[in-house]
Structure formats: C-alpha cells, structure tokens
Amino acid sequence: MATQKGIMNTAMVQAIGVRKQFGSTEILKGIDLTVERGSVTCLIGPSGSGKTTFLRCINHLEKVSAGRLYVDQELVGYEERNGLLHEKKEKDTARARMSAGMVFQRFNLFPHMTVLENIIEAPTRVAGRPKRDVIPEAQKLLERVGLGDRGMAYPQELSGGQQQRIAIARALAMKPKLMLFDEPTSALDPELVGEVLEVMQALAETGMTMVVVTHELGFARQVGDHVVFMDAGVVVESGSPDDVFNSPQHARTQAFLSKVL
Amino acid sequence: ATSSATDVPPVAVDSAAVKLLPPGIASSGVLRVAIPTNEPPTQYYEDGTQTMTGINPDIARLIGATLGLKVEIDVANFDSIIPGMAAGRYDMTVSSMTPTTERMQVLDFVDYLQIGSSLAVAQNNPLALKVTTLCGHKVGLLTGSYQLTENIPTYDAACVSAGQPTIETSEFQDTRQAISALTSGRIDAVFADSPIVSYAALQNPSIAVADTIDVTPVAAGVTKNPQLVTAVSAALASLITSDAYRQVLNKYGLGDGAITDARVNFAQG
Amino acid sequence: MTFVNRSVETDALTSSQSDPVVPLRHPVRLAIAIVLVIVAAGVAWDVAMNRGYRWDVVAQYVFAPRIISGAALTVGLTIVAMAIGIVFGTILAIMRLSANPIFRVIAGAYVWFFRGTPVLVQLIFWYNIAALYPVIVLGLPFGGPGIVIGSANVLIAPITAALLGLSLNEAAYMAEIIRSGIGAVDRGQYDAARALGMNGRLLMSRIVLPQAMRVVIPPTGNEIISMLKGTSLVSVLAISDLLYSAQIIYAANYQIIPLLIVASLWYLAMTSVLSFFQGKLERRYGRGFDVRTSRSRRWPLRKAS
Amino acid sequence: MTFVNRSVETDALTSSQSDPVVPLRHPVRLAIAIVLVIVAAGVAWDVAMNRGYRWDVVAQYVFAPRIISGAALTVGLTIVAMAIGIVFGTILAIMRLSANPIFRVIAGAYVWFFRGTPVLVQLIFWYNIAALYPVIVLGLPFGGPGIVIGSANVLIAPITAALLGLSLNEAAYMAEIIRSGIGAVDRGQYDAARALGMNGRLLMSRIVLPQAMRVVIPPTGNEIISMLKGTSLVSVLAISDLLYSAQIIYAANYQIIPLLIVASLWYLAMTSVLSFFQGKLERRYGRGFDVRTSRSRRWPLRKAS
Amino acid sequence: MATQKGIMNTAMVQAIGVRKQFGSTEILKGIDLTVERGSVTCLIGPSGSGKTTFLRCINHLEKVSAGRLYVDQELVGYEERNGLLHEKKEKDTARARMSAGMVFQRFNLFPHMTVLENIIEAPTRVAGRPKRDVIPEAQKLLERVGLGDRGMAYPQELSGGQQQRIAIARALAMKPKLMLFDEPTSALDPELVGEVLEVMQALAETGMTMVVVTHELGFARQVGDHVVFMDAGVVVESGSPDDVFNSPQHARTQAFLSKVL
C-alpha cells in the first residue's frame, strides 16, 4: 500500500535509535522503525514493553531522550538550526501534533460536551475554522462511523464501541496525515470489538497511514502491512503478519504469541 | 425641635487658636475627626440616617467651629482608629478616651469632659451591690476600659486585704454585650462609663444604676503633632467657657460633666 | 412449596413478590424518627410561642430600610469579592501546578500567608496601609527611586480596603479548591486534548476547568456562604453590612435577640437562594458524567433493592 | 544528516540527546519570575525596615503570658470543636445519605439552618439562652410536664456556649464535606465489602470512611484553619482567644499594628504546623491510590518530558 | 461432578421464575435455573442481558422482585414463616452472603489495605476469628494463587492479573460454598487472562461450585459443566458446552456466538 518510495525521508514515521527515559529508568532502548506512507503498522508486545510510550513519542506527547524521530519529515521535539538541536516551543509542538490523530484505549471523549461538540472542538478552536464549514463535515464523519443520528448525545450515553467510533471521528476531523491507535478495542466488551475494527479497516482502505497497538491478531493479520513485536523497550522482530505470526524467529515472540492466541 | 443633629449651637471662632494650627490643616480648612462606631448615647446614628450624633460628635463639631474649620466626621471601629491616625487618615478622635501615660506614647490628649463610672445591676439591686462591695461577684467590663485597668485592681487589692475573694471579671468587646449578660443573669453587675450605663438603664427596665463614682476627665486624642495639640487645647480652653458647650452637655443630660480646665496630656490613674 | 410464575405488576417501587409479603419493620429506626420529629416540632412550637423571641419586634424590623440596605451591601460585597477571588484563585491554582518552580513557590507562599492570617488583620492592614506607606509609590525596592502615584488614604477608601481584604483572602482559599478540582480531571483528558493540538489557555478553559467545575462547585458553595456571613468583619471599617446594621439597631433599642433573628432570616433566605442555584449548577456540570456515581450515593441504610 | 546511536548517559533529568542541544528559553516567563522575586524581596525588606511595624513592640509581646494563654485557648477550642464537629458531621452525612426519608430531611434541615445563620448569632444565642429559657427543662413539648435540670446559666458556662456554637455550626459544614467524600468512594467497594458479609457500621468504618479520607482531608484542613481564626468570634462571650488577647492589650496601649502582627505570627505558626500534618495525612491516606493521578497534577507549564 | 442428587433442593442454586425490576423496567423476566453442587456453570450473553444482575441476586446484593431463588436451600431476601414471606433483616442478609464468594470484573480490592489485610479483613472482622488463625490460612491462599510473596504489597502495585488472583483468594478466605465470578478476566490485558483462568480451573478441580459469567468460550468449553445463554432477561438456551457452542438451537445464540468467536 506504500504509495511512493524515496530514500528514507518519504516515510511517514522514521525512528532511528529512539530512546526514552523517565527519571533513571530507560523505557525505550533504541527503536529503529520506518512506517511507510499509506501503510498499516501493527505494534504488538507484552505489557510494559513501551508500545504506548513509543506511540506517544510519535505524537509529540513525550519528548525522545536520544536518537531521532521524524514524523512526516519533521524532527519530533527539536528543531535543527545551524547544526544545533533547539528544543521546540510548546506552541510549535502543539501545532506539530495536529498532523497525527490519536485514538486512546479508554476513548477519552470530553464528557462535558455532546458528541458533535467533541468532534468540532479542535477544528473550530484549534484550527480556527468557521462552524458552518465544520459541522457538515462532522456530520459526514459521524455517518462514516455509523453514528449519524447520535450527534446530540453525551458520550456517557453511548456504549463503549460507539464511544470509540466517535473518538476515531474526532481524530479524523483534524484531517491528520497519520492515525495512531493505542489498543483501541481492549477496553471493550468482546461483542463490541467488531464494530470498531470494521471502522478501522474501512479507514485503512482509504489509504490512511496507521500505527496500531493491538492484541487483536486477527485484525493485524487481515489489515496490517507490517507487524512489529516489541519487548522491554526494543524491537525484537518485525515483518509481514504472515512472517511474524506463523514463523516467529525469536523465543520471546513465540512465548508471547502462545499466550495471546 | 426639628433641629438636625449636625446643628450645634453657634460658637465664636478663636482667632488666637486658629493661628496655632499646623499649616496643612489651616490651608485645607478641614479637621478630620474619627468617631468610634455606634455606642449610644455618646455617639450613635440619628434614627434612620447615616448621620452621627451624640456628645462626642457634637464636641468635635464645636472644636472645629472654634478653630474655623469644617469638620469631617469619619466613623471607624476602635481597632482601626489609632492606626488610622498614625496613617494620617484622621487628625483627631473624640471617643471618651481616658488619658494614661501608656497611651500618651501614641497620642496627645486634651481633656474635654468629665464622666464617671457607673455600676449597673439587676432591677431592685437584689445583691445590694455598691462599687465597694463587689468582692467575689461577677462583673462585666469593657475590654481595655479605664474601669478594668485602673479601678478593678484597686478594688481587688481591697478585697484581698479584707480577706475576701477577688472580683470575677468578664471582659466584653462592647458594653451592650455586657448588659445582655446582666439581663440573662450571667453576671451580677456591669461597671462602665456612666453615660452608657444610664442610657442602657433607661432603655431596659430590668436593670438599674446602683452607684456612680470617680468622675474623671476624658480627652480628645490628637496625632502626635505639637502644633495641632496646642491649637486644639487653645480651642478647648475657650470652648469650655462658652454657652454652646453647656447647651450641648445639657442636651445629653451630662450637665455635671463640664470641665473647667482643658489640660493637655494630664494622665489619670 | 409453591412457586410463583405469574406475570408481574408493573408498579414496582414496592416489592411485587406475588406471595403475600410482610415488609421488614425497623422498630428502632421508627422510634428514633418519631422522637426526632417530636423534638423538632416541640422546638418549633416553643420558638413560635416563647415571648423571649419577640416576634412582633422581628416583624417590625425585618424590612426596615437600614436592614435592607445592609443586606444589599452584603450581597454586593460577596459578589464582587467572590468574583475577584475566583479569578485570582484560578490563576494561583494554575501557578501552583506549574512546572516553573518560582511560580510554584510564590503561589504557595501566597496561599500560606493569606490562609494563615486572620481576615480582620488583613482588613485593618489594607485600610491603614497609609500608616506604613503614606504615599503609594511605584518604584524600585530597597529604597530606590520611584514615581509617586498618590496618597494611600485617598486611594484606599473603606470599601476598597474591604474588597481588597476579602478578595485577596478568598483567592487563597479558592486556589486550594480549584487546585483540587484540576487534580480530579482525568489525565486522559489532557492527552486527548493535546493530541488534538490544544494547549495552554485553550486546554485549560475548554477542557480542564469545565470538568473541574463538578468538583469545585460544592466547596465553592461553602465558600460563598461563608463569605456572605464573613462580610460582617468589614464592620471594623464602619461599613454597615447586614449583621452590623442589625447591631446598630439593637445598640439603640437593646432588642438583641429579635434583631439577630431578623439578620438570620435574611442570611437563611440568601443561603437558600444560593443552594438552589448551586444545585442547578451541579446538575449542569454533572451532565455527561457517570450516572452510576450518583446512584451510589444513597447509602447505607438503603435496603438491597 | 547524522544519527545518534551511542549509548545514553544515565543521569537523565535533563535531556540526554547526544547532539548538542539548545534548551528552550522562556524569556517572558523568566522576566515575570525575576520581577516577582524582586517584588517579594522588596516587600520583605520593606517590612523588616519600615518603622511603622514597630518590631520592637512585636518582640516585646510575642511571648507575653496573655498572648500565650490566648493561643492555648484558641488551640484548645479548635481541637474540641473540630473533634465534635467531625464526629457529629459524620453522623449527619450518613443520615443525609440514608434511605430513611425522615433522617434525610432532619439532617438536611440541620445543615440548611446551621450553614445559613451566622456563627456569631449562634454563639450569642447559646450564651444568652437563659434570657429565653431561664431553666433547662427535660420534658414534653407543647407545654407538657417536665423535669427541671438546672439553670441555663449554670449549665451553659461561656466556654460551653462557645463550644456548643462552634461545634454545632462546624458539624453542618463537615457534614457536607464528608458527604462528598463518601460519594467519591467507588461503588464497587461497597459491593465487594457486602459480598464479604460486611454491613452497616463495619462497612462504613473499615471500608468507606478510610477511603473517603483522601477526599475529605484537604477541605477539612481548610475548615480547621478557618476554625483557628474563627474562634475569635467567641470574644463576644468575653472569652479571650488569641486575637482577642491581642485586642485587650492594644485597647490599653493603642499599639494596634504590632499586636495584630503578634497575633498573625501565632496564627501563621499554627497554620504551618497544621499544613505539615495535613500533608502527612494526605500521603498516608493517598497510599495505595493511583500514583498516576498524582503525577497528572503538575500542569500546564510542564514541558512534555 | 454433581455429588448428590435429591429432588430439587439438593441443588446449590435453584431459581424459579426469578424476576427483577428496577423502577418500571424489568431486567430479569423469569429465570429458571439449577446449579448443581460441585458443578461449574458458565453464563454467557450479550451486554445488558442481565447476567450481572442475576449473579447479584444469587449473592443477595439485589432482592428478587418475583419468583423464588434458593441458595443452598435458603430463600434469598425473604424468610418463610407461617406461609408468609417476611423481608429479611439486613443483618441476616449479610450473614447469608457469606455462603457465597464473589469476584468482580474490576477486582474491587480495598486500595487502602495491603494484600494480606484485604484477605484477612472479612474472616477477622465479619466472622470474628482470631488473627493468629487467619493469617496462616491467608498465606496458604496466597500461595495457592501463586502470590505467596506479595502479602505486604498494596493492590495498586500489582498487575491486573495479580489483583484478580488476590480477589479470588480474598473470596476464598471466607470458605464459601459457592463462588460467583462476573467477567473476571474482561478487564485484563490478553496476556494476563491465562493466569487467572488457570487459578479458576484449579479451583473448579477441587469441586467448588462455581457460576461464571464469561466471554472466554475456551474456558467455558474446557472447565464448564453447563453453559447458559441469556438474552434480554431470559434464558434462551442452556446445556453442555458442546451442545451450546457447536449446535446452538436459537438464532440469537448463533448470532451472538458468531460475534464473540
């Protein structure tokens, strides 16, 4: 699904030796990873392996401690001027975040706003676009996730699956170039998982670049172009879903897959 | 009979006293006087108005008239009068203060009236109290009052030497609270300035005045400023000989309280 | 043994077990309740009948002009002082949670100082600030040169001193309340907002503060009620709020208890109005939050229903 | 373009990006901070030097016996009144959450009444109750027969009236605080405890109240601080607490500002001690609760770390 | 696994026409169900079908509105005297609850107590047994769930799987005759599910009567004696795991299973 291949800087996400420490504990221990434009990359791995942390780095929610991380050709957290790395201003970081949409495990919809208000909040307040343009778009997004009639509801009135679909619509409303999903179905009742995965699959088919942390191996197999297995802050193994699931090379990958399947 | 409280009888301007005024006050033509908050009858709001009336505001107005100054009455709680004078917010206060050496470190004083201390008791004085028979009884007093700091220690000493228990004092922030403690039977007597006690007895049939003693002068407090205190004392010296002074005292039933000598910084006790 | 299988009536607040059911009796609870009701009725009866309360005097003064203007002043002071206190308290709360240690220390010191000193002292201080600083000078500290702005006595009227004292003090309490409210907002809300490109002021005003409201409203209601009553402290500046107006009247007529009742009636009326709006606001900001939480609050004498 | 792949130093509080990194400068923030520090220092310098404060008089009175005994009374009143207020407030909170409507109504009316009337009025009421009820009679209401217990003045000493007034009033505020604390305990905790056979008092005292503590402690700290200062209201009953002791002294010598400073220093000392223990208690009862929650409170000027 | 069969009152749980309404909505619409002593019954069904409500009725946490529910021969919520049903006192209900242990979806450990304190709380405070007897027992239970060394930890310091195992130990400490599980693994990360199911399986093998609401069909198939499919407040279908999973009779069962599998 990758649309265009240059040397390395055509990639949507490019991580080179990315490290991240909190205090004195190192969570990411040198991650190298390339996410091609238009591809779906699935991140799997045991709890605490650093998947969420890495995703947050991509979205500028955390600043990398070492190594370089490029998202859409832009260095995350720093600016390079005269060969020096300058820390970015919070304002610029916030702007940079708009290029990626993020969907969280626990939805994190704004509980004090209706579904429609949730969706139009960022386009109107952050991007400063007029409401009359944004509302019809939001309505279309709602229909796309199958919830065209729930715009006036409050998040709390919806099921988990519906909330997660709204969260996807909210992220899409900012027209991101990249979508990040952090275990988007793991807080859902098993029967609600399907509806969210369906929306994600439809999104992948539009050519959206996606990075998905997930334990839904079925989804990874069916929709993913690339599967990355992380453990203890490093990428242990990566490749096509077939390769990783059917013939894992590392013992750690094998052990993990035997538990999850 | 329709005269408003701000009307005081006319007095002549004492031009000699005027000459003594500090230049600041002379040029502004205004004397700013702090009057304590509501305490009938010495100072109180005229019914239904924001105008202060009573012996203290009237004396202040007379002093101002004698000095040819316009008097600006500022009502303030006691807690903020003295800092306010130090801050230059007020020039003078007329608030029935008893001059003591301790207080003279902060203010200058000029006598303007003499009042006594009265003992209020329950109607018919069931305990037959006099100021000299208070040993072992419960007596309410005003915080920091002359009665509390000067009279009571003397009586206590007498009680001790007579082998009797000392007086049980309660200090109130407000004479009214002491009076209501007396009416509810919590204390046996209230010992306070006679005008206030007489007024309370008038209002409240269940209490009576049992004894009045110790008629001593009270003084106007002036900011520490040698020019101002001489001017005020000169004004008072001529004022106390005037008819207006007597008329004002009589209006509040305090005709006996007239003084003949406006002494400066003459400490009591 | 018979088993019931009939269809169930739909009026279901009471158990609709189809066998004859004997509801549980709570003899002790009932007895306590009866005693309490009798005591309450007795107190009410006594209060109405006891001549010591002088209800005639109460009726005479309850709408006296002086009382009404005192009540108006109390309401006015409360509104202005709370408004300033809330705005300034919010700024202080944000400073205390800031990453900048200087801001944290300054806000912390402010809260410590203003919560730690009596309002009375603060009021007297502001009123008499001229004793310490006869002219207000905008200039360099440590005795450096400066521009004279004006005499403190002219600048600080009693009502200004009252508002300064009450609102600066209130800001310290509100800062603590708002800080705890901000702390109660789920971390995920920050992440979600920042992931959408929100930041700083926008994140605070659109996402965090509206959600903090839910937690902030009840203690703020307490604060407003305290402030309504606390304005009586300004009587040291000879400003006649509601309570002081009553005191002025009873100073002249010695009808202490009836006039205190008059003041209390007004305070009760104000508090009731306030509680009404507080309830509305709580519902307004509780909207969209877990209904189950509110269900869980009726405890513990509830029967397993 | 060079990519760093070297191993990372472990002293990691600062970014350990191995390229030379230019940290972000915050010129505006820095400027504000510098100005604030200078102002604070200036104020401190001025306060120390300004002769209007009369530090000599402050030093003379700060340990005066009258002040010390006033401070002791303030502390004593606060401890007793808060203890009664907390216990009674807990009972009221439980009553307000009860399924029994009579309990709910009575507790609600209590809170409404006592929050709605000024403490001053309540204190004066208790103190002067003898004017209304010269003898206290335990008996039937509506004028029924009763047993005379004794004279109100004997039974209700000024200090008793002070404690009654302060603690009954405090109970109403504490009831609201504890009610909100109980409401914050997760519903699942009730289920789990009841599933284990716990009930009533046990469920409350072992499971619900200890968890409510976390939410209850900060506003209770506010209440204690308010009470420390609020005890000055008892001066209407001729009881000399800390502030009133200072007032008694300056009534005699007119050194008002220095004596108010003396009182403020004591209040600040008490508040500081209290805040210290409050912090300890908060940590103690915060133990076992989500650490992430506390991490989320440092906002919003923090950099993405 | 049923040890002894009488007419009907040897069953551990016997539900006859059990109905439950909240306000005017009826959640349980006449449940008939028998749980034999020593058997493992798995309850499955879509969200909102009333599984949790029924489990709470069994444990006296809710009072049935109509029909009769016997647990260990005792009528739930009522006492029968002189042919009349008397509502039970809260105290007696609390006592009755001790015969069943319950494990919740969200663990509900007491966060302010250590693991050991969690376990000994009910035996010492409710059953009034001396600490010196209870502590060694608690220690044994901890070892049984594989956490012998975590007694001094606070629940928050443990992973979800560990917390759920502690919750099981806590319920067992009261020596219940019956264990109720309400989706005990659905709040867990997929790789932690296994450790909890293992503990449950071991418990089933000791002959404990268990009622388990679960979406883990693998567990139901392997450990369950009986599977009950509920929908909209009624039992739609029940039988052996083989029957229900492999040849479901009702369209609703089929539709549900197709989603969950």
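Annotations for the structure displayed:
By letter and in written order, the chains are A, B, C, D and E; residue numbering begins at 1 in each of them.
Just so we're on the same page, a residue touches a chain if its C-beta (ideal position, glycine included) is under 8 Å from a C-beta of that chain, and two chains touch if they have at least 3 such contacts.
All values derive from a computational prediction rather than experimental measurement.
When chain pairs are compared by contacting C-beta pairs, C-D ranks highest. One finds 81 Å separating the Cα centroids of chain A and chain B. Annotation: 46 Å between the Cα-based centres of chain A and chain D.
Remark: chain B and chain D have CA centroids separated by 40 Å (rounded to whole angstrom).
Residues of chain C in contact with two or more other chains: 120, 124, 128, 131-132, 186, 199-200, 256, 303. Touching of two or more other chains is recorded for residues 61, 90 of chain E. For chain B, residues that reach two or more other chains under the stated contact definition are 79-80, 83, 86, 180.
Two chains count as a pair here when they touch; such pairs are A-C, A-D, A-E, B-C, B-D, C-D, C-E, D-E.
Against chain A, in their complex, chain D makes its touches with residues 3-6, 8, 10-13, 15-24, 303-305. Chain contact summary for the complex, chain C toward chain D: residues 26, 29, 33, 36-43, 45-46, 50, 52-53, 94, 97-100, 102-103, 106, 109, 112-113, 115-121, 124-125, 128, 131-133, 140-142, 173, 176-177, 179-180, 182-183, 185-187, 190, 199-200, 203-204, 208, 218-219, 222, 225-226, 229, 232, 243, 256-257, 260, 263-264, 267-268, 270-272, 275, 292-303. Listed in rising order, the residues of chain A touching chain E in the complex are 46-47, 159, 186, 189-192, 194, 215, 256, 259-260. By the touch criterion given at the top, residues 56, 59, 61, 90-91, 94-95, 97-98, 100-102, 104, 106, 108-113, 121-122, 125-127, 154-156, 167, 170-171, 174 of chain A touch chain C in their complex. Every residue of chain C that touches chain A in the complex is listed here, in rising order: 186, 188-189, 191-200, 202, 206-207, 210-211, 285, 287-291.
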